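We just call them A, B, C and D in the order they show up, numbering each chain from 1.
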Amino acid sequence: MSAPSVVDFPMAVSPAAAAALPPWPEVVRWLRAPERRHAADVLRATRRPFVQPRCGVGDHDRMLELLGALEQAGPGLLSVTIDSHTRLGRFDTAARVLRERPADLNGYPLPAHGWERGRDLVAAVGVPLEVRHGSPEARDLFAYTLASGITSFEGGGIGYNLPYCKDVPLRDSLESWREIDTACGELAAEGVLVDREFFGTLTGVLMPPSTSLACALLEARLAADAGVRCLSIAYPQSGEVYQDTAALRAITALAARYLPAHVEVHVVLHEFMGVFPRCPGCAEALILFGALTARLGGAAKVINKTTQEASGIPTAAANARGIRSAQLGLSPLLDFIALDEGLIAEECGWIQREVAELLDPVLEGGDPLSRIVSAFARGTLDVPFSASVHARGSVVPGRDARGAVRYRDFGGLPFSPAVRAHNDSHLRRGRPDLLAVLSADINHFAAGRSCERCAADPTWRA
Amino acid sequence: MAEQRLVLLGVAASDAHAVANRLIAMHLRQAGFEVVNLGTCTPLPEFAAALRLHPGAEAVLIGSLNGHAHADLRELPDLRAKGELRRPVIVGGNLAVGQASAAEAERRLLDLGVDHVLRDAVELVPLLDSLRAKVAV
Amino acid sequence: MSAPSVVDFPMAVSPAAAAALPPWPEVVRWLRAPERRHAADVLRATRRPFVQPRCGVGDHDRMLELLGALEQAGPGLLSVTIDSHTRLGRFDTAARVLRERPADLNGYPLPAHGWERGRDLVAAVGVPLEVRHGSPEARDLFAYTLASGITSFEGGGIGYNLPYCKDVPLRDSLESWREIDTACGELAAEGVLVDREFFGTLTGVLMPPSTSLACALLEARLAADAGVRCLSIAYPQSGEVYQDTAALRAITALAARYLPAHVEVHVVLHEFMGVFPRCPGCAEALILFGALTARLGGAAKVINKTTQEASGIPTAAANARGIRSAQLGLSPLLDFIALDEGLIAEECGWIQREVAELLDPVLEGGDPLSRIVSAFARGTLDVPFSASVHARGSVVPGRDARGAVRYRDFGGLPFSPAVRAHNDSHLRRGRPDLLAVLSADINHFAAGRSCERCAADPTWRA
Amino acid sequence: MAEQRLVLLGVAASDAHAVANRLIAMHLRQAGFEVVNLGTCTPLPEFAAALRLHPGAEAVLIGSLNGHAHADLRELPDLRAKGELRRPVIVGGNLAVGQASAAEAERRLLDLGVDHVLRDAVELVPLLDSLRAKVAV
């Protein structure tokens, strides 16, 4: 193996990473090996939604065990979820915790383990892997991902910044992700299709569909412009099945409008990302419901939850059980279930219109990246409950009577009077005891009403 | 006309959970407070600096949801010794990893010099009112 | 306690049973105790379907453990399933096997254990019990059931004879069950409501809905005439959701037509009783589907299956999991699921018409009991795949293109030309390789196509 | 015109499973056989008596689905010794409790004097044809 150098990689990686990694041509050769199966292959081949769990522990052997246990449950893809230290680029800290107390890591520290172990993970299971994390700046991690032989990578400059960081400028995160996407373009030219997934879930709580889709489509547009050919757009389940079905179907229509024709777009549903019920029956019903929603909305995959969601990182058994619960919702026996197509079409039309009113001002003009940054600064793009100072966070969401997520306060969003009137026809705006109302909306599924037992007797489980 | 009441609000240093922070800010503003919201991931010295900027603040409210409250607040005695943060410090959220040790976690925070630990945000305005009444007496 | 005597009981019990049991007034006093909770109370109170598992092992302590484990899963009622020896009245054999190898018993031998232990079972759990068995003649068992404090008892002279016995005359079984029903009438006069359930499942394989409902309604009519006030009518899931929903809804309409107004009627769905899939994912999906069907059809309860159905009596854990799988199908989150009401109404109308054409000739005339016996002898009532020589078994069922169960051969059933034409419009009659066609229909759900994994790759599990 | 072929059919003594029995009867009749179906729960002496009544039967077909085939057929050597059941006895179904011991169960049945053990009903008519061909030779 020849000595690696920084210039080998088609993006800026740190000298330490460059020194640790194999040279770029070797990485490309490894990725092009005909026996390699890629996430894009799975996404293309699927006729029904498949299930993908989250999955990451610190210790390498335990990670191998976990992947093996989850593979038994029949996921379409498996995840390598990265720990918090690594997400923030603190590879040394991750390495130290790994040596001292690996159980303290809340994910798999891929750079600390090294790319050879990454290849072990790939070799250990029969389905391709995706690296999932939450890094505002992920070039080194992406280099380790590719060197490991993994060709599916989640994240973008909006969705992996605003919910996770207080003060990383959007321009910095967007520009660093542009390098990652450019590298994907170079790989595509070499015949290696990298699946890039965008985290439309954002802050995960009461996310209005048009905000989710607008942010993910902007990331997808930047990625496509940089050369990415395989795009997965993820939307978080609100829990109102008509709204969710409409939002999932809107992704395909919006992609046709805002993305170039030569890219392939896969639709992803995140199982409910808000406050999960503690009752295992309610949690399992919610998981099944999410998967059923994915099928109704025509998603390619479902990112799954478990009955232990409310109490932290699940055991392998709970995670495997979560996969099976989602698969139940995907059973062909439930294919008879259909929704009122008229209602869905109407909801889908409004979602597309809202998204267009958010996207068009950003995309009709000069450099989209700069216009995104300034739109968030002005509040004409916004994210509720943003952790970052680089989004205004002045939008306030809420649930309507059916449970669909609407805008309780539009903040600075540039919606037309028609969109505003339609929104307000579902959800009366104004602020009568906002804390209580918002808390109730946030805890919509936590209140133990999702299983037959809780419905019959809300007191049976505290 | 009542004078404008002011509080400092933020989330502990290692914690990026923004939802509860935003909710409490809205709640307090609705209750008539001016809120200086320092947002997520705010180290204790940043609270101290904000208090120097806003000496009229009647309390410092710190949320913590990731179980690391004690580690994030361990500089409190030092700062107090230096004359900083001389206002009631009120902490709320999920204070420890796991449920069993919640009472223990609360005791350790009080030992550190935290003045009040709240488990429910609805207790916040009544607490602020009672603290103000004491000051007035 | 005074010396018991045969004449105490309002039905003929054996001298041995009479000697072993407490006197009738004491049984009635026990049943009337205000703290006693009865199955009828649960059935009346339910707003959504609840789940009831099958449940019976030979050893008393293991039975207590099993009931305790299943109660954790939240059933609405629990079962005491009786072993085969006891079902056939061989109490001595059951007692011998219980002494020598209790694990060889395929149910709980209540008479061998005695009524005091029966009361232990009742006291051990917080939900009422039902005795389920399969006895063509069950007076002694019913006496032990009542003495145990159990007021729900399955069976009737048709459904507990034709599928279980080769040569017990129908008149004998019907007359013996009439005594049981008369005793229920006497108890009703004393203020004790016994729930009597009728096993419309019959031989359990490809049962045309009108055959199931006709037999159960005849048993219910005889029971009501004898004084029973609380009737549960059970229908076996065919697996075609429109047909099953229509059949469940038809029960209420038919009960209003054929049963006196003063009785209460509860609708029961038996989860699919045919050849169950071996794939655990398919089996679990089928269980969930059954429960969802029960909700759509407005049933009061679901008698459950487990993922171990294909391989015999389930473990306690599998049984508890089966309850939870059914509860998933009953989750309020799935209340959005609705069917085309027009299709259901049409199907429901034809089912009612078929049942009427089977029942009216039997009920319009003299003593219904005698007319039932002669109708089965003539084949104007019939059961496919009867084990008994007292039904002709010349009816041949089959599945139509949607999977609904129709008549492939009407045998001697007195259907009108309109009913025949409607049936034949769904299922072409005639016999092209009947063995292959019937085997395929019987194995409809065994073929591993009910879960997402099998649908994606039918080879993944043999 | 071909002569009418006749078989005796029934289910073993302890077994009330009627479905496969009815299916096989239909299948054989469709294939042109006359079937004397003794139905479920038929003890071996009842098969012997039926054969005395229908001496033209070319085989005795016994189904068993509950795993008790060996126990239900244990009188076969005695009956054969008395000159009864002198036709090929063909047994099919689920022959043992559990899958692992199926081969073992088959061997024990053959030891008992059963002539053929079938695992799939579609083998039945070809077997009957081959047995008849042997007799004809």
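Everything below uses one rule, namely that a contact is a pair of C-beta atoms (placed from the backbone, for glycine too) under 8 Å apart; a residue touches a chain by one contact, two chains touch by 3 or more.
What you see is a predicted model, and the numbers here were worked out from it, not measured in a lab.
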Between chain A and chain C, tell me the centre distance in angstrom, where each centre is the average of that chain's C-alpha atoms.
48
Taking each chain's centre as the mean of its CA atoms, chain C sits from chain D at a distance in Å of 32
Distance between the centres, which are taken as Cα means, of chain C and chain B, whole angstrom:
62
Give me the residues of chain A that touch two or more other chains.
none
Contacts with 2+ other chains: residues of chain B
none
Could you tell me which shape the graph of touching chains takes: line, ring, star, complete or other?
line
Can you list every touching chain pair?
A-B, A-C, C-D
In their shared complex, chain C is touched by residues of chain D numbered 16-19, 22-24, 26-27, 30, 39-42, 121-122
Can you check the complex and tell me which residues of chain A touch chain C?
46-51, 74, 241, 281-282, 284-286, 288-289, 292, 324-325, 327-328, 330-334, 336-337, 339, 449-453, 455-456, 460
Counting only contacts in the complex, chain A reaches chain B at residues 163-167, 203, 205, 312, 384-389, 393, 396, 431, 433-435, 438-439, 442
